[in-house]
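Structures follow.
After this come two complexes, each holding chain A, first together with chain B and then together with chain C.
Coming up: the complex of A and B.
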């Protein structure tokens, strides 16, 4: 079982829901919530505290076990079925994130390179890091993710002259419904933080790390959406496929900083690589719990190739990825809220006399 | 058609050779899962590259999920 430091777990938790979130979802949320998009993140974050608390309590009942092994040991048949459903859920997220990632590279950075070449290189890198294990991926987080966080801290200062507060006014002019719609879109992505107890045992995962991850992620996402509104305006940001990338392109402090987007991409893309690697690792770990005979290293290669192939098969273009976001939270919330609630009430250790 | 079949077969052969040291020591379950996943991947790739209008799961999922969206 993976042993990670608190710092690594916090970085991994934050990375899990922020890096893919900021690719395209802000434009959809701004399109629905307009100038109140920044408000729509808050209910989503508050809701996700509940399953994190419930899962931390469940993990506390089973020392030195991750959630996959808890499910398998407590309810062998039902636990295996639930593990399979979770693995399918995580696999779908892996495919979606992979496809979003390569579409972003293809549209924004390497327009002339075939998508299959970009996809092949991305999945090869992810397979190689996933084969090395969770600890290596966690150490990679320490290298790149703090710098991405630092960028979101300094970004507001770079826009000091180019913002207009009128783009965020009037607050709640269209009522609460658009805000709730935005929260509905955001909650499934933010809820991906529940993957933490599937990676580590209760000795490593505690509620505190989960909450710190949520707080850091909330700061980063709020800061970016507020800057999107203040700099690009709701009208423009809602029509962009990659609003945060366009936001970074707007930064022109002096001549030596006229390509700030390249600095952002330097730290953002490794974080995306790490998320996909970690997801691949978790899926292999889950399969290993169900079938102890399989080897995680070779499985990560074959599953990586399957994810690559399914990424091209499932989605014809990036718009299909966006269209799925409308109803996807209904499915995701089953895994992110409903099942953790069931685990809280049902997963209790057996007592032997 | 044959050329489109050669690509995935070649790729899967390279993967198998690269992974051979791991596969050789694996038990029957490990070997079966590895080759099964590779075979499924190869079949899907062949289907996607040869079909004129391949069936996209995202289209079905979108139609399914649209009913679950409370805001539309």
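Coming up: the complex of A and C.
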């Protein structure tokens, strides 16, 4: 069982749903909700409080076990099936995130380097990181993620002269439907926070940590989307592949502070590495729960290579990743809301006379 | 054995270090500082101003030290093509260094190109991540290639000079981002700073040099150039759109002789559209705190109600300039450069939806009222002008 501090868990939880979210998804949300995109995030965050609460209650019933162990021990056959489904779900997220990450590097940073080389180096780094264990990954979160959070705090001050409130007006001119459509796109990414009970037991994971992670993530995502609207405008932000990267390139404090995108990328890329490493680690941990004889460390290598191959096999180009976001919530919400609801009502300790 | 495998594995991946493919040595790059785009029949002419690092000596020097000899610190390369990307490719074929657009400061659009429509070029200059959407966009009379080939004594490169002149002339000159936003927004048309060549006499009549200057505003209807505004009309529109950079307004004060110049230190503009009897009216409220920069009249500032008279005269002048500019935009060019339609949408989207399909016929008929409120905050270090005698002062 991984022993993590509350602080580490909060950072990991926030990292889990923010770092990949801010790559391309804001562009699609702004394309649907336009100037009301900042409203789209709020229902998504509120909805995800419910499964977090339900899972914290479930964990409370089974002390000193993570959710994989709970499923396996309470319902051996059905639990194993559910664990397999969750592992496939997380594995698909890993492939999606991996491919999104290397596409971003290829388009924005290293245009001439072959995609396979970028992918190979990324997956190698993540494999080595995952092999070290979740505690090492958690300590890496403590090192890099607070700096990314700090950037979102200072970013508004760097744009003091470059914003135009017109771009956020008029509010709700197109009605509520586009806002809800934007929430639909956002909710599946935010719902990935439900991975927390799969990593640790109830001694570490309480509702409080989940809520703090959601709150910090909400601030970061809202701040970035508001700045996207005010600085780039809905017209431009909705047509860009990587609007937050373009936003960072707009920072200019006289001639002194230019090329802020380099600073953003310096802190953002390690956070992306950490998410992929953590995901790899969680999947290996889950497989080990189902097959106790397997070695976690060697699993990381095999799964990492499989993720590398599937990343190229499943997606031909970055546009397919964008198209996935339209229908993916229909699948993701089964694992993020429906199944936690079932766990809440059905996962209870055996009654011993 | 295990250590050996790890070492081999690591060494193998070192061979794939990504720095190799995207490695760009600084002496393999041609830094593009400015791009000029012209239309010649069906072809695009693209002119690039490229920095020559070896020639960069002191500012304004004719040449630098070193092996490359004297000469300008920049070079112009021009080529035509079926598209801008095609023209860039032809230029690349004759250059020994890779064109690098990350440091491009300005984009100048020639008159023919502007009249043909600038929509196709906006995508090209922003699609590659290397291009920055923060480059200034300006229009020019005549060909853009001539605008980039001009003299500069105070700056190293003409591109730098044009950029700084634009910064002095207006507040937040339009960038590619701003141009793209305006083109995509309904109810607003584009204006760009307009460059022109100006001949200036130096010490003798024969010593005439040509300089590039900002002559006014290029006015667009959708993405096509339709005309220009100069002088007070251009300043009026800059004031009305909150884009004048510390504007100076000079005017006569009634019952005095001579002129007074004021500097608008802080000013605020508010566009208020109203609907009365199904007709749209626009009120432009202009408020400014000003500084008396020069008093070339015989008005004694510290006496009577002279300050109020100056404030009223200043307000009348500002109202006149804005009215003139708006009238020309409405009657002559039918260009909604103020963004009245966009303002109407932001205030009342339902009303805008009703009128937007007929906006081209409605816009020229909209009555525009300007209310200027000027407050003199500072009068400078003199209360009375030094020139006139005591008896000649107007009080």
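Methods note: the second predicted complex is superposed on the first by the 350 of 353 C-alpha atoms of A that agree within 3 Å, B and C clash if a C-alpha of one lies under 4 Å from a C-alpha of the other, contacts with A are read in each partner's own complex, and residues count from 1 in each chain.
Note that in this section a residue touches a chain if its C-beta (ideal position, glycine included) is under 8 Å from a C-beta of that chain, and two chains touch if they have at least 3 such contacts.
For clarity, every value in this text was computed on a predicted model and none was experimentally measured.
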{"item": "Chain B versus chain C as contact partner of A:114, first or second or both or neither", "value": "second"}
{"item": "Which superposed partner A:295 touches (first chain B, second chain C, both, neither)", "value": "first"}
{"item": "Chain B versus chain C, judged by how many residues of chain A each one touches", "value": "B"}
{"item": "Touched partner set for A:331, first chain B, second chain C, both or neither", "value": "first"}
{"item": "Partner chain in contact with A:246 - chain B first, chain C second, else both or neither", "value": "second"}
{"item": "Which superposed partner A:169 touches (first chain B, second chain C, both, neither)", "value": "second"}
{"item": "Which superposed partner A:235 touches (first chain B, second chain C, both, neither)", "value": "second"}
{"item": "Footprint of chain C on chain A - complex, ascending", "value": "107-114, 117-118, 120-121, 124, 161, 166, 169-170, 173, 232-233, 235-236, 245-246, 249-250, 252"}
{"item": "Interfacial residue positions of chain C with respect to chain A in the complex", "value": "13, 16-18, 20-22, 129-130, 132-134, 172, 177, 180-181, 184-185, 342, 345-349"}
{"item": "Chain A partner contacts - residues on chain B that touch it in the complex", "value": "11-12, 15, 18-19, 22-23, 25-30, 33-34, 37-38, 40-41, 44-45, 47-48, 54, 56-59, 61-62, 64-72"}
{"item": "List of chain A residues in touch with chain B within their complex", "value": "32, 177, 180-181, 184, 287, 291, 293-295, 297-299, 301-303, 305-306, 308-310, 312-316, 320-321, 323-324, 326-328, 330-331"}
